[in-house]
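Okay, so subunit A shows up in both of these, paired with subunit B first and subunit C after.
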Partner chain A sequence: MKQRLIWFLALWTALALLGPRLAPHPPEKQFRTQAAAAPSAQFLLGTDELGRDRFSRLLHASQWSLFAGASATVLTLFLGLALGLSSAAGPSWWRAALHWAADLSLSLPWLYLLIAFRSFLPLSLAPGVAFVLIITLVGLLGWAAPAKFLEAAAQESLASDYVRASRAMGASTFFVLRRHVMPHLGTVLVPQFCLLLPQYVLAESALSFLGLGLGEPTPTWGTMLANVRERLTVGLAWWDLAPLLPVAALSFSSHWGNSHREDKLP
Partner chain B sequence: MVRIFLRSFSLLAALAFFTFLLADWAPGDFLTQFEASSATSAEASEALRNRLALDQPLLSRFSFWLASWSRGECGVSLAYQTSVCGLLAPRLLTTLQLNFLATLLAWLSAASLAIPAASRPKGWVDLMLSGMASLLLGLPEILLALLAVWLFGFHSFLPYAVLALAALPTLALHLRASFTEALAHPAVRASQHYGIRGFALWWHYVLPLAAPPLIALAGLSFGGLLSGSLLVEAALGVPGMGSLVLEAVEARDTAVVAAGVGASGLLLMAANLLSRAAQESLRSRL
Partner chain C sequence: MTKVIRPIAASFFALLPLLAAPGGPLVISQRSEPRTWNPVFAIDANTRDVLRLVHGRLGRINGQSQQPEPYLAEAWQFSPSGKRCVVQLRRGVKFSDGHPFTADDVLFSFALYQDPKLASPQKDLLAPAGKPIQIRKLSAYSLELTFAEPFAPAARLFDGLAILPKHILEAPYREGTLNRFWTLAEGLNRFAGLGPFVPAAYLPGQKLSLRPNPHFFRRGQPRLPGIEILFVADQVAEMLRFQRGEIDLLHRPLPKPFATLGPNSAKLDLGASLDYHFLVFNLNPLPTAIDPGLRIRQSWFTHREFRQAVHLALDREAMISLAFDGRATPLRSHVTPANRVWLADPKPPRRDLSQARALLAQLGFKQNGKQLLDPQGQPVRLTLAVNAANNNQTRMAAILQQDLADLGIELQIAALEFRSLVDRILKKKDYDVALMALSSGDADPNAEMNIWPLGAPMHMWNLSAAQAPAPWEREVDELMQQQRRELSPATRRALYARVQEIVARELPLVPLVSPNLLVAHKVELEGVRPSLLPPYALWNVEELRWSSPRR
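Our next item is the complex of A and B:
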């Protein structure tokens, strides 16, 4: 069953790394005479209203969106690991404080929270700055669920006999965590990553979709979806809906990859 | 119960406080965009800033904000020049109505699929439910909203349908799982052998057994629903709380952002409290 997760990771890593190399045109290049063209051999998915090749833009957007989602997920897992471990092994007041903060951030609709924190930053940013800030924001805000999850896993392994034996031989808490608890958590982290990745990619897409993330001309899945929304009233052909496809494929394949486990609520 | 309530309230207060502080720390204020877009003189904008009390230090603005909360105004909106409560109330009502009706729709359609699916495993309803669920799980709210508008054009019913469809797969799968488990329970099997069938069986035996996890699910799924509702409101142009908060973020209208995020937290906590109370009362009766 683990195989499915490996397939999931391999497929999307390949798309993120190779996608831009496969793009037939530069993403920002405008073919002015062929704006809003239908799919053809030159433009596989047609062009947008500015005459940019949609297929190339989609490949570049995949790299941006997947890289943003993956970095935010790694950040969250690191934070969750640090807080979860320190909560499992730390003093009780620290555990109580962490649980209070986790309850606060879990008891909120994540998108409202994301927007509230986004309002802390200037609205229009340079693409590179916006990219880093959004990764940080999404990654920092999602800490609570993985932290709780990892805390539970760490507590389970701290209560085991081999940890007690190790302690009896004089091992320090840090040694126990590094040597006995951490290897045990690896099997938890990979499925968590695959589960969180589409959520975080979606969070970035949602922010860009609402005009609070990376703006034009940087292609991301979110900005391309926002473009679809703006032009919905104009009347769109089916190939104009192409940006919906990779977003759906990512959520779909994540559910497929994790489907051997009983699906709990996100 | 009282302890849970106090805990929720302290969380909420902390939330509104942090939101106000964060939104206020942000570079630029309400007038920055106004200055950039219109040719006002520096003195005029300075006078306006003075009148709106934007030149006061953070702490005094914060205490002003708190004082207005104690008067029941929840702060003053800079963009609309009215109390935030008056601004938020109708928007909140729209969002609540949208979410309530969409939830009702989702639960009814999930139940009408899950009941026949659980009573006849591997039957055609069961297969249809599985197929639909795996299809819809890959379609988040944004995609559903865009697809719906593309297919049907803007229609007043669309926001309800999109939100309900987004909630449907998780609900239907959970309902089917709890029903299947309840149907296998000895009490249900025994009553079936006594000849109890149909509505009486479901109402008196299956539902009470299946209810507790479902009530917990209802409380938990509200947060996702509210976030999805924000996206749907923005995509389909519903004048709800989500679109109000979005406008306020773009206009740097601090008090509205803080009150909107606070209200969303309040709704979520209310939903959690309700579901917990329902679980308690159910447990005491069983």
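Our next item is the complex of A and C:
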């Protein structure tokens, strides 16, 4: 079933790449006399509150959200892996320091720190800079939980007989980690990727709230979804939920791929 | 026999208020918790709104007539020179703990507000032109106020000054512990006020409960058995709770769901409010360490014609229909059509792109395809700072972006957390243009004294204007000082009309729209006569009542 997850991701990636070419209208163009319109031949998923074509925005949003989410997830897991492995195999003082840093990171009021961080940045951020910033921030802030899981899995492997045997034969720590430990960490890495990806896709809208997101008029799944909330007060039509579709599909395919993978485990 | 009758009679009288008002407490909502029970330290609007329910004032502004009327005072009389005022207090009034109210409480309250060590926000209000109002006790129930110079809106002052209990607050004031004395949780047990309600319970982060003041000076009032104030984070959550029946009265709800409220809700649209949204350009002298790009951009918008071009390029009708669901009014000056007495020119502004382009051409700006270039050939790009949490404003920003694109101006939107936004504007002065909103607490021009005079704290486009004012800023400053001293209403109107004329020409603030004042409430709630002035439908809270038992 791992293939299904890969197929899903490949499909979304293709959509993200091709989306802007398929979009019938520019995502920022406002058709002011047709605001909040129902689906029609001109607007396949209707328009938003400013009269912008929802279908076109969704296609453009896929590009930003998926790449930002996937890149941030990879960054988090890379950091988590590096720190988790070094904690499992490193000296006790390093392990204690990393545990302390992980606990601190999990308990810090990131919202306020991000507000303070924003105040040091220039007011206007070019979309490219904002994009890299989102990936870096989301990627850096989420390292603690995966690092803990990966450390636990690595310690389990390091305590096994074959690792002891390998060490007795003179294998270096780096060799042991690369040859004997890392191949077993897929059981943690894949579920973490599946869990973090949908979360990180939505994290962008929270960063937008702090002025760290892509901002208007660039569409993302997170900001489009945030606008759906207001529609709750006037009654939702099915086309209002269109931004939910890719996020739900991504979460579902991530979960599906992961659960089938677990089923196949011995 | 008396042993039996007394408890029965006591129970009967204790239950009387419940029989009179069987509907349960009125549930309202606020964005955040109040910070104190002490109005001397109340700096935010949420705190002030709650304190109006529990404290009394000498006079209040009638929400319907917008004119001051006696409240704790029985009457006041101004001398013909306008420099002296004698206030007669009501007799027999008691604080909520039963202690009598006298002139000593008023003297004490004025002393607190005027004490520089306490830094009360009312301190400046009580010192027109920087000279403190003198107050003297004439008898236990009369006082004399003396002004250094005539002060036209003097009677309106009384609405903003809650009268405090000397018998409770004097000791902590002398000990220097007043700022810690009436905190929200601890103040519940030692509170005494003259308002219609008194604090009853406080659940941090959730709600605040008020019960009727048993000694309220108006017989038979308040008619509600209590008020519950829920702390609800945003307008969407607030509207959803109102729709579920968990909130009884809603001020300024989201316009779109307001229109779809069902028959169980009464909907009141009062038309244009005193609130106004505007663009403010950064005309401040810039600190040396600032982004050099901002200096270049500032060289564009320091030209009045540039600001006028922006003003002419804006599609306010689109803002009204798309951001406010049609429930707003376009503005040509900072005085909204709600202020019928003071508005000088009620004509709505119109969009005129060709005139806007002509103004830019006069300054040497050139069109290069869809991009506007400055006289040095640089593309004109500006960044608009906006409050990320305000949905209406982020929508307006997106509309502005497209409007200015029609002129060739590239507008980038920087949505910021509100405190960061205010910090950029009022402290760092690090922005090009910002989308902001102000809410006038009163229809009188004196409410604008914190904006227009040189050096006023909200003179945000040029906070150091007092050092090097532009000639028009100096003229506005003089006109504002003059209207405050002038006792003739007609002359005051003429002076303030001139202020509006200058502001509409110079555009330090580019006015956008004024949202309508909307109020929604349960149909069972009676006596609702909302005012355009804060606290809107609660200005006559003591008269509100339930029409039938609900709970």
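As a convention for this text, the second predicted complex is superposed on the first by the 166 of 266 C-alpha atoms of A that agree within 3 Å, B and C clash if a C-alpha of one lies under 4 Å from a C-alpha of the other, contacts with A are read in each partner's own complex, and residues count from 1 in each chain.
Note that contacts are C-beta pairs under 8 Å (C-beta built on N, C-alpha and C of every residue); 3 or more make two chains touch, one makes a residue touch a chain.
Keep in mind that what you see is a predicted model, and the values were worked out from it rather than measured.
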{"item": "Subunit B versus subunit C as contact partner of A:P217, first or second or both or neither", "value": "second"}
{"item": "Touched partner set for A:E49, first subunit B, second subunit C, both or neither", "value": "second"}
{"item": "Subunit B versus subunit C as contact partner of A:W110, first or second or both or neither", "value": "first"}
{"item": "Contacts of A:R118 with subunit B and subunit C, given as first, second, both or neither", "value": "both"}
{"item": "Which superposed partner A:A248 touches (first subunit B, second subunit C, both, neither)", "value": "first"}
{"item": "First, second, both or neither for A:M169, with subunit B first and subunit C second", "value": "neither"}
{"item": "First (subunit B), second (subunit C), both or neither touched by A:A206", "value": "first"}
{"item": "Residues of subunit A touched, compared between subunit B and subunit C (which is higher)", "value": "B"}
{"item": "First (subunit B), second (subunit C), both or neither touched by A:E230", "value": "second"}
{"item": "Common ground on subunit A, meaning residues reached by subunit C in one complex and by subunit B in the other", "value": "115, 118-119, 122-123, 209-211, 229, 232-233"}
{"item": "Of all residues in subunit A, those that touch subunit B in their complex", "value": "100, 103-104, 107-113, 115-123, 202, 205-206, 209-212, 225, 228-229, 232-233, 236, 241, 244, 247-249, 251-252, 255-256, 263, 265-266"}
{"item": "In the complex with subunit A, residue positions of subunit B that touch it", "value": "7-8, 11, 14-15, 19, 22-23, 25-28, 134, 137-140, 142-143, 146-147, 149-150, 154, 170, 173, 217, 220-221, 223-224, 226-227, 230-231, 234-235, 242, 245-246, 248-250, 252, 257-258, 260-261, 264-265, 268-269, 272"}
{"item": "In the complex, subunit C residues that touch subunit A", "value": "236, 239-240, 243, 254, 256-257, 260, 291, 315, 318, 321-322, 383, 385, 388-389, 391, 394-395, 397-399, 401-402, 412-417, 419-420, 423-424, 430-432"}
{"item": "Contact set on subunit A toward subunit C in their complex", "value": "28, 30, 32, 35, 49-51, 115, 118-119, 122-125, 208-211, 213, 215-217, 229-230, 232-235"}
